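Listed below are the structures to be examined.
Here chain A shows up in two complexes: once beside chain B, once beside chain C.
Right, the complex of A and B next:
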């Protein structure tokens, strides 16, 4: 936030500065080299960062896009240059929803959308609720806050593999509680294979994701002036009203960023499903990141895998663009 | 900046067209597969041998033991980037698939001569080193075969005379063993590779195959469907496999057997693994894997795949001579005896196989199977895709069976049809 506002604050001043001094430049041509150097310096300083950015982000992306137009199977992976151009074949295969490959991709895409919406919604809800509950000081608040952040701080692999043990059919804790102790199910359920795997994955994802929402919302809450609540209380607003009329509107800018970030992370999450299900996830929990991995690594067809990745990239770009456009228009409207 | 650019071009991939060299004659990197009960055990077995090699030749070998779940991916990544080990272990069923990438050094007669000649190796092991009519992509290192392991005490308690010789007998024995928390037999339902090995043998016993003679995928022929159904039916219809086995993929069935939870186990060279899990050698017997009827042999009497590990050299190694030297060392008679004893496998080298150490009853069954009734998995470039596609289809069928859903000829055929549609088009 702050660099942004600083930029907009100084930009007009800088412009004015340039305008004021430019006639002077014309009158004193001898000082031009120094000026060029001065104007050029910022760009020069930016250059290493720009090159690194190109190297780290853009080059691999461009390579990925090029790969998506090639027939990059096991016969060519040793020397990509010799792989024949496939034109749009890889894309055609990926979006031909009547054929098995395209249909599987579409199914996986829909599963991922449903999973992401549920996971982000639950993460946000639990995180916000917990942050609001922790807003007032009470004994043990620091301890609880620290405890809540544990899932976020644990290494992903260690945390998820523990969940895998708990979800096991024969000796898992989940079946022990649900079946043996509470008697909710008639027989022990399967959580890591079959349709239940969706809920197992969702549970782990929410467990892992909500502390982040909690952390961000908690930070956002610090910026709401206490006076607002005191004034509202004097006017007779109850707790629910205070949350609806003060807390949530004040959190809006924080939430906008939070939801977007959670969405992108969850949609692209690879580690959780991969550690839970390995290379071949059950259909009910076949998230798109693992699906694409399988399409490229397990079948050794990197061209089709790249085409699917490019499609995914486009989808996420569109979603992000639309989301930012909508939310920034809202913000402008609320400012006006 | 320059070094960065260099580093970038070095890992940019696609630059690995160049052949190998001998630029770095004093060093080798070796990727070993995980043969022992754990990676640490492999290191303990291999490191003394590598030290011996260093003493003999002055070449230092950097060892990395790669788990099976990562090995194929690591090899593919190494192939793509050109940044790989010099020498590596591969599952012998991948030979033809990896051969097609052109990343491995072909073992023509000239190269074979450097390690003592092709004749030193057993034929059945050589049959699983690459596509027919091409120079092998690797040389055999360890040979294994499937056998039926059975718990003697549980058999006696259930009043079963001896190990079953046919599948009908196995199902009957399994039913006697099942009940009261114990089960007839264990399987790794979520492990695609295990599923493939069994489905392949069942298919052979029904006179069928998963590939046509010219290497095209043919997963839905009647024999293949019957084979897969018979395999899954051990859980679905015969109910001699615990439903929980449908999610096994980390060798849990071996520890179930070691703990006496199951009475039988179909496994390759399980002795060392069972020992490390605390099961004494007297507690179990070893018999050939059952057939449909009669005795094991060729054709429909096949009862195992040719299982094993091959040793390959990366074509763009910067120490080709050293790598060849290392392969010679690892396949020498002396090393073959040491390594195959440690892993309870059978040496694919004829002279080493003669050693009395490999004449124990356990090894006799494995040796006999390899010599008389084992067949190599199809040596076609699409083999590894087949393992994944069909192996996953069977995993899903096991999931159905475990959830109590019916497994019919129709549902098996549908699953296999889907698998076939995922195979690369040519």
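Right, the complex of A and C next:
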């Protein structure tokens, strides 16, 4: 995950040498006064990105953290600066698991954890399996690859609305197949309310998410030298052994980033549950982002909503930190 | 069709039959899983209303293109379409240009704070959107009140927001890509009298076209599909497709055939673009991100 390589450290020095010694540089005297310009140039290049990140991500995040310490109900929203300080009240409400608000948040959090682990696991498994299956060339491979990427390319709302149609009770495909055609269920099930909604959401999430894993693993596989496989085959290693001894270890650095990115995206996903269930999701599929949205915009209590978001961010920071520490150590150990 | 045994040069490790069969079955099942919703979308969009309100049928009783005509009048789909095109197009162009500048700086220069910059930009990916939705909304409203620049409710505000969503991944991927462009090339350009920006645009950018295309595709898809900020930050005139499409089901009858037709119409530009350019995305990821 560290893109700045050692190479870059020597760049400006080399560049300066080239300029001094080359006749080309002498032809361009107006460029020489630029010691300050040369030092300033990288910062100038980064400026637009920095300003935008500040405006859209960092400043709002700081304001969000400040807001989480305020009693920000609809009476103060026009001029949020005047809202009274609430000290830790918003946090106390959020983590008081005996009271309704805290309990609902905890339930939603647990649902989100279960959902995220299952979804990321399945996405990774299917994506990796498909990428390994398509490592050698065969007729129709290009077409198949394009087909597999369609769920990823479809806009979220178009894909999710189609699934909502398929999950309809009376006129959906899922009930038609399971009940009318296969007779697996005694009567048509409800998929978008009640406990089934968890599996409906998981199905959509995996359908939409696995092609990303496929794409990344496929790209990672192309960096494994073919000679490794040939050497292993000469030594008598079978297909399974080659996958276990060569493919999976070579993919480890790719997987480290891939699993983390999938985890963060799935955990924070708002689009899929929101298009599927609207503003209030059924309890079994009440993902935390929609839950917080609901707590903020439906109840108009932005202080508590912000406190919940900050807790969520803290959780993600800890998970990411621990994950990176563990996987990096493992990588170092396996290199030694 | 999947997994016909290879006709490519016989490798020393021809896969065993059991593997070929497992692969054939797995890929067939996976193709089914992937394609069923696509089939439902296409076939339902060509059905009369009676076919989609009654029990599901695999085949339409009759084919009709009426849903494709009706979608434009049931909700102002044309306007949503134009809004989405403007927002996603502008966000993509800005995001790619800014990412190119940033990635060039990180890839070619050493400077104080480089690591802080890359880590900070990447860590914004971790933020739950919900945390900065409301503060951002307040900032836009206040900027509007103070300077008269309407960011809230306007396409401009949405463009600004969306371009930062794709920026971190774009910068990260382009750094990797630029690192793979030989440094000798831009040094030669500098010797020939190009300035640093000349070297960037005449040498590095042309050599990194696949990476840049990949990043552009990603940025466009991100902006085209976003729902959360679009639902809060737009009004009737600036609404994008992501929010506008929900208009078909708030009416008394749910026109599923029209919903499917509209979904297909809004998907075609991105899916077609993505499939045409996916080679670049894979090449870009291979050279950059996953190295």
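Quick note on the criterion: the second predicted complex is superposed on the first by the 286 of 336 C-alpha atoms of A that agree within 3 Å, B and C clash if a C-alpha of one lies under 4 Å from a C-alpha of the other, contacts with A are read in each partner's own complex, and residues count from 1 in each chain.
As a working rule, a contact is a pair of C-beta atoms (placed from the backbone, for glycine too) under 8 Å apart; a residue touches a chain by one contact, two chains touch by 3 or more.
A quick note: this is a predicted structure, and the numbers were derived from the prediction, not measured.
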May I ask you to decide whether A:170 touches chain B, chain C, both, or neither, giving the answer as first, second, both or neither? both
First (chain B), second (chain C), both or neither touched by A:50: second
Chain B versus chain C as contact partner of A:158, first or second or both or neither: second
First, second, both or neither for A:223, with chain B first and chain C second: second
A:280 contacts which: chain B (first), chain C (second), both, neither? first
More chain A residues touched by chain B or by chain C? C
Which partner does A:300 contact after superposing on A: first (chain B), second (chain C), both, neither? first
Footprint intersection on chain A (chain B / chain C) at 48, 55, 59, 63, 80, 170, 297, 302
Within the complex, which stretch of chain B touches chain A? 1, 4, 8, 12-14, 16-17, 69, 73, 76, 79-80, 82, 97, 100-103, 190, 192, 242-244, 246-247, 249, 381, 384-385, 388-389, 392, 395-396, 398-400, 402-403, 418, 421-422, 424
Which bits of chain A are touching chain B when the two form their complex? 48, 51, 55, 59, 63, 73-75, 77-81, 99-101, 104, 168-170, 188, 190, 192-194, 278-280, 282-283, 294, 297-302
Where on chain A does chain C make contact in their complex? 1-5, 7-12, 14-15, 18-19, 22, 24-25, 27-28, 31, 39, 41-43, 45-46, 48-50, 52-53, 55-61, 63-64, 67, 80, 126, 129-130, 133-134, 136-140, 143-159, 161-163, 165-166, 170-173, 175-176, 180, 207, 215-216, 218-220, 222-223, 229-230, 232-234, 238-239, 242, 253-254, 257, 261, 264, 268, 270-271, 274-275, 288-289, 292-293, 296-297, 302, 305-306, 309-310, 312-313, 316-317, 320
Contact residues on chain C for chain A in the complex? 1-8, 11-13, 15-16, 19, 23, 26-27, 30-31, 33-38, 40-41, 44, 52-56, 98-99, 101-102, 104-111, 114-115, 117-118, 120-122, 124-136, 138-139, 160-161, 163-164, 167, 171-172, 175-176, 179, 183, 187, 190-193, 195-196, 221, 224-228, 231-232, 241-242, 245-246, 256, 259-260, 263-264, 266-267, 270-271, 274-275, 278, 281-282, 285-286, 289-291
